[in-house]
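You will see two complexes here that share subunit A, one where it goes with subunit B and one where it goes with subunit C.
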Partner chain A sequence: MIRKLLLVLVSTACLLPTAGCWNAKEVNDLAIITGAGIDLTEDGRIELSVEIYLTSPGGTESDGPMTGQPNGDKGTSVIRTVHGINMADAASRLQKMISRKVFWGQAEVFLFGERMARAGLEEPMDFMLRHTASRERSQVFVANGPAKDVLLLTPPVDRSLSDALVSMAEQQTGLNITMKELAQMMVGKSRAAVLPIVHIYPEKDLQDAFPYIAGMAVIKEGRMIGKLDEYTTRGVMWLRNEMKHATVTVKPDESGGYVSLHLLRNHTRLIPSIQGDRWIMTVRITGQDDIVENTSNLDLSEPDHLEQVEREMERFVEERVKLALDTAQKKLKVDIFGFADAFWRRYPKQWMANASRWDEIFPEMEVRLETDIRIARPGLIGKNFFPRQEQR
Partner chain B sequence: MIEKGKISSAQLGKMIYLAITPTAILTAPGISFNFARQDLWLSPLWAICGVIAVPLALGLNRLYPDCSPVQASRKIAGRIPGWVFAGANWLFYLYMSGIILREYGEFVVGAFLSETPLLIVLGSLVLVCAFAVRGGVEIVGRFAGLFLPAFLTLFLLIVLLIIPDLQITNMMPILPEGILPSLKGSLVLQIWFSELSIAWFLLPYVSDRENAKKSLWITFGGIILTLLLSNWVTLLLLGDLTGGYSFPFLILARYIDLAEFFTHLEALFMAIWVLGAFVKICVFFYVTVTGAAEWMGLRDYRPIVFPMALLLTLFGIWIAANFQEMTHAIATSLIPLALTMFILVPAILYAIGRLRGQGRQ
Partner chain C sequence: MKLSRHLRDNVRRLRAVYSDCSDVIFHELRIGGHTPAMLVFIEGMIMLEELDQQVIAPLRDGPGPGPSLEDVRSRTAVASIRTVSTLNELLDEIADGHPVLLVDGLEAALVYGLSHWEQRSVEEPTAESVLRGPREGFIESLRTNIAMLRRKIRSPKLKVITFRLGSQSRTPIAVIYMEGAAAPALVREVLSRLNRIEITDVLETAYIEEWIEDNRFSPFPQLLSTERPDVAASYLVEGHVVIMVEGTPTVLVAPATFFSLLQTPEDYYERYVVGTAIRWLRYFFFAISLLGPSLYVAVVTFHQEMIPTTLMLTMARSREQIPFTALMEAFLMETMFEALREAGARLPKQIGSAVSIVGALVIGQAAISAGIVSAPMVMVVAITGIASFMAPRYTIGIPIRLLRFPIMFLAGMMGLLGVILGVIAILIHLLQLRSFGVPYMSPLAPIQKHGLKDVLFRAPRWNLNRRS
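So, the complex of A and B:
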């Protein structure tokens, strides 16, 4: 009898902690980090700024769970800045600055300040890849200036600045690099990486300033060594097979106007070859485009005219790609296109024999371009309805 | 025999599948990668130990079909050698269970419950396993049948959802240095393949013994396929990073992002892992407990289940001082030990048995 009673008592006691209330962490007890900016101060310390998304305490229940914006004010994101000797040190100080439990699991954006990027990404990257809560899927950017300035902006449309940056990157008009991809590039055969740069428009202290992504930072051996402007960036993206959505405007010869094309399907193939002592890379770019605007006097329902536009388009692509190649090979001398990996995959033996010479081979390498752009559809109208008078 | 329960040959296959794959998915890709590099996906095909272990277990069972290995070894090799074998064997299985338990604990604490003491994580799983083992081989078999569909569904779901992020170029160049790197990478996998010889301990309880052979070979094929698939997708996602991660397949589950809706799926992997580890530890613990009971000449193994569970929990903690030491042990000293106890010693027993002309009616 006593045994049975004891059993009942013990099993009831066991039930008590299973409800989990004793160390429950509700959403509104957490400081959810949505994005982090990492800067280097003048005296070589890490300045970590985080954007924290705060659910209003108790608010969500009384308003009903679906009312997203509490009372229409945007004040649900706050920024906290801490200093430390390295990432981990700074992150540990973060908890002192906020009453809620810091939670890294939703950090979608990591933004490196320019000075930090130039000093080296390895140190903060190690923390972020080692941390059990932060994710390999987070987007990584470099700020054109201190990262903190970007985080302090108030985005006009999105819930938080991190949301805004993620959405912008995912449109893929610019680069879209995750933490895993960055780490992969940094340990890749060429040890070079690229990251998108976040600018502030128009100026940082203005009320309606907003961030936008343009250009790319070139990283070699973990350190940022240069910036590419938007124009060159496009060429690099063509080469890296990252050109997915874009509208391109070309001016065919003697046509008196412009034709704009929307890129539908693009593919870039890198075909390495080694002939004797010469390393040659053939870049084959194929694409299918739609016409979105035609103010030239070409009748684009005619195959002959289409061909003219296609050739013009090919010339346009090649020009940009050549500019990117020139910049990377001659000016920066960094293989940001993954040529090294392409050679390693095709010629593993030759690559291993010459791996240490790669920095000499790459700038001198001959690159052949083969561009084949096809226009798929002319849109809903063929020729220009409204040609200019003098050309009629 | 000490056990009265019976299992079907299908249950035997499921038990063995779940007694091998979970830990292999978890830690093997990271260790294999350091030898095989981009040929990692090929390594599971070199399943030499499995090819030996399956016929060995079947052959040993054929010598004395209705005897447990402890009894059989005594009949094969004589009283004293049999006693030595049985003693070494249950101690070895206790050690293996400890390693598996610790792997489970390190993963759960390292990746999820970082503030929970290791002892609580290990103890709670051992307690549940002890109840299952106390229920007998039938209960463990039923659990395997119950959890296998869930295990496979979740595993395939993760593989399916990560497909958009895979890059086929990560597996190239194929075999740049011949097959040697992939063979070296498969060395650590031999631990898992040799575990197939655990079938010897379960075969006496199989009621439809004539189907056991087919079931075991299917299980063996399933294990190779599973490892092939898990290594392959891990490699295609992580490429050169694979070797750097402690649990590459966890990163895979975390990386999934489908339409911004299917994200943060590491909980799925956690579920796979807990289900798998439960059955795995149950099977190994069952072999340990029955082996120990028979070795000590007990009439029933049930009274020693809970004391052994306590010992197992302690073994889980004693096995290594930290995670690195454990992985190092798995990649180095565990390989010869496992091959000796899973393959070599049973093979010697089988050879003695055949030479003495046993097993022929």
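So, the complex of A and C:
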């Protein structure tokens, strides 16, 4: 027994140097990257800007040749910018410029500059998905302009810019696309993807400028080919089943006012069908809404009046969806709704046979809309208690 | 050696044995004023008054010569009288505090059961307190302890086998079991292991525990020790064997399993829903007490991406000025905590609280504000400390406290992989461990369905003993 024990001890002791602590990294030796912006320079090089969280209370690191954040009152993060041939090159140069070990494991936000996005996302995406430390759950955006400009903003409310962008995306009033979703869309059957666009409001050099998310970038075959405005974006989100939180205001006919509805739960179902050589997509949108405000003369405790609002809401949704469909089918000719995947799942053989023709089929496809909106909770009061006299 | 017919020979031998023993009293008397006799006893261990009134007086004042053994016996008014005929037996009886009467012409000696000495009264055991349930605990007297068990289990099937162990101490030992419940093979095994012990003195049950356990190198206790008669009684009814030693309130229960060491009497005194919930809480914190600091060290030095971002950034800030690695820090703090606990346990109660105040200030407040230790580490150590206090038995807490350190080391070397390796090593050891032939991890491994009702849950009483 003693001999056995000794044997175990000795063999463990022999193992120790082989294992060592080579992989160990203390937290105070890390440069924690919370967000990264990727731009393309004029001469075709990658410009990588990273937001590094300052763990030391003073923020002692000198600016040097790198672009430092103006020593603002918050000062919890610094921005470092490096150039390189590709992402890996830039990332390794970044390590040379930082005294600590670059740590990608907590990067929550990846921001592509517009020029980068237009040139193609495949190259940086390969690096980020291959990297063991970076998270697939980090959020991806496209900046309306250079990504670095957005990173240099100091959001007044949140801890860091990345934090601000993440919380904004998670409100789900705009798009919320993670690295994994982006990759899935890019390799999906339609090879098309959408990304939310980050704008700077009001102007980039102003002290109190802040980022906000509006509209979407349309990406086809890895390249950004267009932008959609906020209005069209909503329609795309309805189609992509991503509409979760929104307040919609409609004006029912002959009601003399507005009714506002809050989305409670929504579901969009894509039902593909092939009849002969006609490819048809039926989009079934069902939803339940709350009434949050009523300034019309409708009495919402009356089933008839409720139905009127429901029809109006359906019309509203269809209008938006049609706009999005028109833009995608006729203008951009790119399937950003995942129609291709729906067809492929339902009709794998036909899809395979016609896969190369998809770009021709999609713009000509007939899309049927079936909307069914119900009002779940009209609120505590039926009528508007305070009608204006002239509307009586 | 047999006793002689002649009183003179016996007394000479005894005096030779008890030379320089000033506490051994030789009291000469003549039975009926005629036959010479000698009372031998140890001062302070007998009921002197009873001896005077019930033994000495009737013998001295009784009728004349030629008393037979029966004659002498019947003259005294003492309930417990035995006769012994060898010198060794005689010595044991005297050592136990029984007055012994040697009569000229008799080859045997009379032993009067009049031993008495000061003993502690029955109190609540401090190590195993309960909120609900009996508050009595065993004391140092073997006789009283057996009586306490007998008062719980009144059945004549409760068997008590007593013998002596220790070449010098000659300590009485009792092996107690329930006939019909305990497997005869188990009782035989316990007795045979006890008989093989070669030891000079038995001052505590721990002395014999090390001799009779199955694996002598394991850090885990393979016998359950308790101070509570109700716990001992419940194990007896379940077919376990209880080993008692004169002079200690701690008794041993054999066989013991890992899960029996994680049970408290209160699991059974509370209602079963509560009992089950508390049991799971205990299992959880038991794991924490083993792995708490190791998991922290592993995640902080190897797997920073596992921590939620906000927490990570907060931790990064608090660790910024710390001069030590997380592993060093954990070692320091855990060692400090163990030192504090040991210091507190050994000190008188009044000073013990002072130690804990100083300790809290030193390892908590001052160490953080001086920037030597980070605040999250203090929290982890504190949580681990609380978790280790949840171990229901002190004996199962000790190996966990010990094993925490090698696992911490593995965590610092290999991260979560090291933690898992450590846990696997411990599990392998636990699985091959046996207590008196019973697998230590039973009824979980090997799996026994009916046994699980008392491990994964605390099944309701009406279902607990049903074996289907």
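FYI, the second predicted complex is superposed on the first by the 349 of 392 C-alpha atoms of A that agree within 3 Å, B and C clash if a C-alpha of one lies under 4 Å from a C-alpha of the other, contacts with A are read in each partner's own complex, and residues count from 1 in each chain.
In this text, a contact is a pair of C-beta atoms (placed from the backbone, for glycine too) under 8 Å apart; a residue touches a chain by one contact, two chains touch by 3 or more.
Quantities reported herein were computed from a predicted structural model and do not represent experimental measurements.
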item	value
Subunit B versus subunit C as contact partner of A:53, first or second or both or neither	second
First, second, both or neither for A:188, with subunit B first and subunit C second	first
Contacts of A:105 with subunit B and subunit C, given as first, second, both or neither	both
Which superposed partner A:346 touches (first subunit B, second subunit C, both, neither)	first
Residue contacts on subunit A - larger count, subunit B or subunit C	C
Which of subunit B and subunit C A:180 touches, first, second, both or neither	first
Subunit B versus subunit C as contact partner of A:135, first or second or both or neither	both
Touched partner set for A:1, first subunit B, second subunit C, both or neither	second
Contacts of A:159 with subunit B and subunit C, given as first, second, both or neither	second
Intersection of subunit A interface sets (partners subunit B, subunit C)	105, 135
List of subunit B residues in touch with subunit A within their complex	110-112, 114, 169, 172-173, 176-177, 237-241, 251, 254-255, 257, 263-264
Parts of subunit C lying in touch with subunit A, wherever the complex brings them together	216-217, 300-302, 304-305, 307, 309-310, 312-313, 315-317, 319-322, 325-326, 412-415, 418
Contacting residues of subunit A [partner subunit B, same complex]	105, 132, 135-137, 180, 183-184, 187-188, 341, 344-346, 348-349
Residue numbers on subunit A that touch subunit C, as the complex places them	1, 5, 16, 19-21, 23-28, 30, 32, 34, 53, 55-57, 103, 105-106, 108, 133, 135, 159, 163
